[in-house]
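Next up, some structures in C-alpha cells.
Next, two complexes with subunit A in common: one pairs it with subunit B, the other with subunit C.
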Partner chain A sequence: MKIRLRYFGMIAESAGKNDEVLELNDGISAKELKARQIERFELPDPESVQIAVNQNLEEEVELKDGDEVAFLPPFAGG
Partner chain B sequence: MDKKKPKKVFVQGAIPPEKIAGSIANHQSKTNIGAHSIFLGQIRADEIEGKTVAAIDYSAYEEMAEKVFHEIRETAFSKFDITCAHIYHSLGTVKTGELCLFVFTSSAHRKIAIEACNYFVEEIKAKVPIFGKEIFEDETHQWKVNK
Partner chain C sequence: MRYDRQIKLKGIGEEGQERLRKARVLIVGVGGLGCPAAQYLAGAGIGSIGLVDHDRISFSNLHRQLLFGEEDIGRSKALVAKEKLQQINSEIEIEVFEQALNMENAERLFQEYDIILDGTDNFETKYLINDASILTGKPWVYASIYKNEGQLSVFNYQDGPSYRCLFPKTTSENISCEETGVLGITPGLLGIMQATEVLKIILDLGDVFSGKLKLINVLSGSQQVLKIKKRQEEIEKIREHGIIPVRIECTLNDETRTYLDIREIFEQPKIRSENVIQIPLSDLQDRLWEIPKQDEILVFCQSGKRSRKVVELLEREYGFENLKNVEGGIETIING
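On to the complex of A and B.
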C-alpha cells in the first residue's frame, strides 16, 4: 500500500524533505511507522513528535492505502 | 455572521495594524454588540545565548490547521454567547515588533468577549499545527516551542 508522509518544521529539516510516498506492507500501525521514521532520520527529541493520520492526531491506528501521515514537531502558533 | 462557514485564517507575512482598525470599523454597524476583546500577538526580540531574535518564519500543516481552527470556532460558539469571532495568523516571515496573531471576539457584554478571546488564544497555541523558526540577527535559527 502507498502512504504519503509529510514532514514539518524541524522534522522536515532533519528529514531533508517535506514529503514522500512510501510503499509499505499491510498491517503497519501509525505508531510503528512513527518509530521507524524517528530512527531513520535520527529525529531529536522523539518524545515531542506527534503524528496526524489524515489530519487527526492519533497513532493507535492501522494504516490503509492512501493515508496521509504527518510528522509534527511541537506547535508554536501565536 | 455565519459561524458554520470555515474562514480563511492565514495571512502571508505580518498582520498590518490597519487590519485591526478595519475590523473594528466593520463592527460599528452591529449595534447588538456591547464589547469587543482583542488579542494581538507580537514578535518579541528574545535573547538566547547572546543572540537576538530578528524574526519568526511561520509554517503550518495548513489543511489540518484550517480544520482545527474551525473546530475551535465551533466549540467557542457553543461555550460562549459571542456575536462573532475573527482569527488571523501569519505564515512566512514576521519581524520583531510586528504582529503574527489577531483574535477579535465580540459580545453583548465584556466578560463573555474577554473569556472567549482568551479561550481562542489558549486553544490556538495548544492545538493548531503551526511551527515557528526563530531567526537570529546572524541568520542562524532555532525552532520555537510554545510553553
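On to the complex of A and C.
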C-alpha cells in the first residue's frame, strides 16, 4: 500500500524533505510507522513527536492504502 | 467615528463593539507575536489590555517587533508597547506588568482577564500558561514559530483540549527564533491570527480554532489543519496537582551527596544523576529496601512538604536515622 508522509519543523530538516510517498506492507500501524521513521531519521526526543493520520492526531490506528501521516514536533519560537 | 468600519459588519454592530469595550485580554510576551496582536486588539477597541514582559528592546528585535523603533532600544518592551498602543487608541486601558510570568503570579494575573494571548518563545512558559489557564478557567490563544513554519490553536476553550493534550511530552531543548532565524512576517502573520481568534471569542463569531491545530508554512504557502484529541487525564492532572512546572533539564549543584527523589514520575524537572534514587511516594512502601541506611541521604520533593512527612514516617516507622529533608524542595538543590 502507498502512504503519504508529511514532515514538519525540525522533522522535515532531519528527513531532508517536506513529504514523500512510501510503499509499505499491509497491516502496519501508525505507531509502528512512527517508530520506524524516528529510527530512520534518528529524531531526537521521540516521545515528543506527534503524528496525525488523515489529519487526526492519533496513533492507535491501522494504516490503509492512500492514508496520509503527518509528523509533528513541538516548537516554541515567538 | 473610530469603530465605524467594523460596526458596519454583520455580527458586530454597536452591541459587538460594546462587548469589545468590556473585554479584558492579557498578552504574555510582547515580541514577534505579541506586538502585531496588541496593535490590532488596541485598534479594535479591546477595553482593557494587560502586557506581561520582563524583557528590554534590542536592535535585533526591530525587524519583527514593529511597535518598537530605534529610539526605544534598551527600554522595557511592556512599557514602550503601552506608550505606542495608547497613541493608536487613548480610549482603552493598558496595564503593564514588567515581570516574567511565573508560578507565583500566573493565576493571580489570569484571574483579572477573560482571554490569554500567548506571545512567548519557550516551552516552560507555554506549559505554565496552559496550567494556569486550566486552573482559572480561561481560554488561551496559542502560537509558535519555527523558522518559516507556524502553529496556531485555541486551548481550554469551552471544555476543549489543552496544550498538554497536544504535546503531553516536550522536547529537551528550546530553540528560539533568535537562534534559528526568522522572517518578521512569520510571527507577524501568526500574531494577527491570534488577535483574530481573540475577536472571534469575544464577539462569538465564526468558528473558534479550538480542538484543531493550524500548521502554516509561509514559504510553500501550505496550510494544514489537524484535529486534536482531548486527553482528559492531562487536564485532570493539573486540576488535582496545580501547576506542574516544566523545567526541560537540570543538574544537581552538589553531585557529591546522595539524594532520594520522592516525586511522582510526571513531576518536572527531571534530574539525571547517578546520585539520585528515584522512588515516587506512591511506590515508597513497596520499595523501602532500595534506600541505603548508612550514608546521609537528602530527601526532596517539589516544595519540601511531602518529603518532610516522608522523613518523619521513615524515622518513626522504619528506624531510618540517616535521612535529612531538603527544606524548600527541588529548587534549592539544582542549578539555574
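Quick notes on this structure:
Definition applied: the second predicted complex is superposed on the first by the 74 of 78 C-alpha atoms of A that agree within 3 Å, B and C clash if a C-alpha of one lies under 4 Å from a C-alpha of the other, contacts with A are read in each partner's own complex, and residues count from 1 in each chain.
The rule we apply is simple: a contact is a pair of C-beta atoms (placed from the backbone, for glycine too) under 8 Å apart; a residue touches a chain by one contact, two chains touch by 3 or more.
Just so it is clear, the structure is predicted and the values come from calculations on it, not from any experiment.
In the superposition on chain A, A:6 makes contact with both subunit B and subunit C. Of the two partner chains placed around the shared chain by superposition, subunit C is the only one that A:58 touches, whereas subunit B remains out of contact.
Contacts of A:73 after superposition on the shared chain: both subunit B and subunit C are touched. When the shared chain is aligned, subunit C comes close enough to touch A:47, but subunit B does not. In the superposed model, A:16 lies in contact with neither subunit B nor subunit C.
When the two complexes are superposed, the chain touching more residues of subunit A, out of subunit B and subunit C, is C.
Touch criterion not met for A:27: it reaches neither subunit B nor subunit C.
The contact surfaces that subunit B and subunit C form on subunit A in the two complexes overlap at residues 6, 8-10, 48, 52, 55, 70, 72-78.
Put simply, subunit A touches subunit B in their complex at residues 6, 8-10, 48, 52, 55, 70, 72-78.
Contact residues of subunit A toward subunit C in the complex are 6, 8-10, 18, 44-45, 47-48, 50, 52, 55-58, 70, 72-78.
Residues 29, 31-34, 118-123, 126, 143-147, 149, 151, 166-167, 169-172, 174-177, 180, 182, 187, 213, 215, 217, 220, 224-229 of subunit C are the ones that touch subunit A when the two sit in their complex. Remark: subunit B residues 41, 58-61, 63-64, 67, 89, 100-101, 121, 124-133, 143-146 touch subunit A in the complex.
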